[in-house]
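Below are two complexes that have subunit A in common, paired first with subunit B and then with subunit C.
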Partner chain A sequence: MSAILRIPLSIRVPLLTALLMVALGVVASQQVLAALDRLQDARIREIARLHVETLSVALGPHVLRDDVWEVYDTLQRAAGEGEGRRMIFTAVADEDGRVIAATLPDRAPLDSSIAEISDGAQPPANLTVPSDEETLRLVAPLVYQGREVGQVVTELDVADLVAERRRAGRLLLLGNAVATGVLALLGYFLMRRMLRPITRLSQRMRDTSDQPEQVPETEIPRGDTELSRLVHTYNAMARTLVAKRDAERRLAERERFVSLGRLSSALAHEINNPLGGLLNAADTIREYADRPEVVRRSAELLTRGLNHLRDVSRAMLEQNRLDRSGAALSAEDFEDIHLLIGPEINRQAQRLSWKVEVTPTALEVLPAGPVRQSALNLLLNASAAAGRQGRVWFRVAPDRDHLHMMVADTGPGLSGSARTRLLSSGPVPPGGGVGLRLVHDLVEELGGVIQLDRRDGRTEIAVSLPLKGKEDPQC
Partner chain B sequence: MLNGFRIALVEDDEIMGHSLVQRLELEGAEVIWMKQVGRAIGALRTPRAHRRGDLRHPPA
Partner chain C sequence: MRGAPRELRLGITPVFLDNDAEILTALRSALQEAAGQRVQFEQRRTYEEVTGMLLEGAIEAAWLCGYPFLQHRATLALMAVPLWHGKPMYQSYVIVREGDDAKSLADLRGGTHAFSDPNSNSGFLVTASDLALKGEKAEDFFRRTIFTYGHRNVVRAVADGLARSGSVDGYVWESLAALEPELAGRTRVVTRSEWLGFPPFCTRAGHLADPGVAALRKALLGLDRTEAGRHALGLLLLDGMTAGDVSLFDGIARRMRLLASLR
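This part shows the complex of A and B:
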């Protein structure tokens, strides 16, 4: 049964149709053969009845008078003239069942019991044409003038009827086989044709399971059938899915700017304060232009401030550009993140414990973009969770084949929906940002693992990224 | 001119702090620069002290 169930529907239904056609052909042949049998039986019964009646009329008076020679003579004539020489052998017996004459005296000697040869003979009313023998034996009472005067046993030649039936049977079988075969083939191809849209649809779904593709208009069955409705429904689903993917991708792209946006007020402060200092220094230079040592010190201040501003703006630019750059990860990326998160940590008067122990070469296999985005999102999340004067930890350390990144905070721990967004690929519960989901997706893309731990009032999120590239994301 | 003034400066930004200290000293004031308000409290107790700084930073 399971083997049948494994056959695809597009083959199974046409096969079933063909089988039904064959079954239909077999039943029809049976019916026709049975009808032929009935027809032949009726014919042989009619022949037998006429034969017996004729004999009765011809033999009756002689049997009544026990005139053996007349009976024999009549039998001989009958045997010679019988229609188409159908009669092979006939014996006649008197009332007591004693043979008084026979066409072949050897088989039924005079005075022998008729019962010896009537054994296995049928009465005319029940005659049926045998399927394998070419002769038929019948026994009938000899009735003369309304009274039974003896018995007749006759053997009839039915070879022609048997042959006719065989021929008819063969022709019928051949014809039916051809007709059934044609019908079965026709049914098979018709069904395949009707099911082709389903075959195509299932193939399309199998081939493009992760990026569903719509069925082109030309392939949609015409009319308002179930099939065309099915294809239209599928197309609508495919459109929705593609639109959803697009929306998710746009959201993820926007998230890069969102994380910068969350930093913007702190970063503006980070730029504004040194700017004020730079303006002060410029004013001092103008005011004390005749004192070289003052000018020199102010210029040094200007250089330091400008360098700082350049670093901040470069870190922001990098953060904006990193998805497209495809650059390899380096230790500087972590310094950038430190610079970006710093103002936010200061704004909340938090303490940040920063420890990045990396050798430049170890990181090269990882792309900078996703790692920076993940680290920044986790840090922003930790800083927001830790609250005013909270503590935030950041550790990065590679071992032989993994880069371990750990972000911890003294916040209250992740909520259920935040946990879902960070740890599972399931649908994102409504509400809340997509920052943690983005971390999940980025880490998954890199073949990494995220672990969440909470102990001693600390929430720890550990990310392990394989340093062997993405050849085998399963391990 | 600020000759004779003692000023407690509370500023957490390096550049801004340095520029202010430099300028105020050039103007003749005596400047005590602290990064956080808490540490400036002692200086503020001195009667003639002025303060200038970034008040967005509450006491640590």
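This part shows the complex of A and C:
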């Protein structure tokens, strides 16, 4: 049964159709053969009835008079004529069952008992054409002028009927086999043709599981059939799926820009704050140009400030550039993130506990872009959640197989919608949690898992990324 | 003076003549030609019927057997007696089926016997009188007797096994042996009787001078002198006709007396 179920529907249904055709052919043949049997039986009964009636009319008076010769002569003449040729042997007996005459006197001698040859003979009303024998023996009363005057036992030659039935059976079998074969083939190919859109659809679905492709108009079955509706529905689903992907992509882009936007205001302060000091240092240098120690001190201050500005701008450039490059993750990436989140932490007067314990080589298998974006988004969220003077934790520690990244905060915890964005692939509900869906998608792409925990007033988001390369879900 | 009938009616039976249309047509044509008158054959199944018709004047003449002729000797007259092998004589045979080892009539006791006609000399009287000579009656000697009303039928009955033995006209059996050897060959002659008077053509006594009867008699006696007559005689395997004499049938008369003595 399971072997049958393994056969594809596109073969199974046509095969079933062909099998049904064969079954139909077999049943039809049997019906026709049975009808032929009934017809032949009716015919032989009619022949037997006429035969007995004719003999009764011809023999009646002779049997009454016990006229042996006339009975014999009549039988001989009857045996030699027309339908009589069907008669192989006939014996006639008187009322007491003694043979008066037979067409073959040796088989039924005069005065012998008719019972000796009537054994196994059938009455005309019950006659059936045998399937394998070519003769039929029948016994019937000899009725003359309404009175039973004797008995007739007759053997009829039914070879022609048996042969006719065999011939009809053979022809029927052959004809039905051919017709059934043709119908079965026709049914098979028709069914295959009818199911072709489904075959194509399933093929298309299998081949383009990540990016569903619509069925071209030319391949859609004509008319408002179930199949055309199915294909139209599939096309609508494909269009919806593509639109959803596009929307999600746009959302991800937007979320990236949102996080960048939020960063940029903090970073503007980061750049703006030292600028006053740096301008002061420049003024000092101009004012005290003749005092070398003051100039040197101011120049050092200027250098430190400019260096910081350079680091900040570099980190921002990296953040944008790395999104598209395939650069490997390194410890410096976490330092960049530390630098980028610093101004936001300071602005909120928060305490950041930072602990990154990585060896440079351990991270190389991971791409820098997605990991940086994920870490930054989680930190921005934690910072936003923690609120003014809150606390934020960041831990990175690899083990043999995974890179474990943990972000915690003292905020009120994730809202339902934020939880959905971070933990599931379901539709994005409206409301809070900036960039969390992007984190979910990025981690999923990297084959990692996200766990959410809340205890002792702390919200902990743990991300584990496999270090053995991404586990390709398609393989 | 009795007016001549418009046609001459001749009674025949299948006892003697087979229903061979060719023979009857040839004989009829020959007689019509010679008699110059239309001849009508009246066929009946038994000698009794034909004899009855002749006696009551329904027919002018009949081809009878010597036995019925003698039974009505006082009222019948001989017209002509056929010549077979040049003699107006024939024999009666007792036959059995080929392969039956009976050697005499005595060996046939208890069997089924086929006679042709109870008024036939060769087909009944000879065997019955032979048995009478031994003090036996046919119906007791044989388990069963059947009448076939035809010498050819007797041969068929014996050949097919319907009857073990049969009494048959020797002339008919010999003719069948020549014309239908397949049929006669399936039988064997066990006994032959003495030579007896051949079945004659008869008319009512006192009517021999009737113009029609006289013309018919002349035609019969002159058959061997016309083309058509010889053709008919050829088909009948006969040589001709003779006027004959009642004494020809003395043998039959003797057997009649023998049979009567037993009854």
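As a working rule, the second predicted complex is superposed on the first by the 409 of 475 C-alpha atoms of A that agree within 3 Å, B and C clash if a C-alpha of one lies under 4 Å from a C-alpha of the other, contacts with A are read in each partner's own complex, and residues count from 1 in each chain.
What we mean here is this: contacts are C-beta pairs under 8 Å (C-beta built on N, C-alpha and C of every residue); 3 or more make two chains touch, one makes a residue touch a chain.
Values in this document were obtained by computation on a predicted structure and should not be read as measured data.
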Subunit A residues touched - subunit C or subunit B, whichever exceeds: B
Contacts of A:Ala349 with subunit B and subunit C, given as first, second, both or neither: first
First, second, both or neither for A:Leu110, with subunit B first and subunit C second: second
Touched partner set for A:Gly276, first subunit B, second subunit C, both or neither: first
Subunit B versus subunit C as contact partner of A:Tyr288, first or second or both or neither: first
Which of subunit B and subunit C A:Leu301 touches, first, second, both or neither: first
Shared contact residues on subunit A - subunit B and subunit C: none
Of subunit A, residues touching subunit B in the complex: 273-274, 276-278, 280-281, 283-284, 288, 294, 297-298, 301, 304-305, 308, 346, 349
For the subunit B and subunit A complex, residues of the former touching the latter: 12-20, 22-23, 26, 54, 57-58, 60
Residues of subunit C touching subunit A in the complex: 112, 114, 143-144, 146-149, 153, 157, 160-163
In the complex, subunit A residues that touch subunit C: 68-69, 72-73, 101, 104-106, 109-111
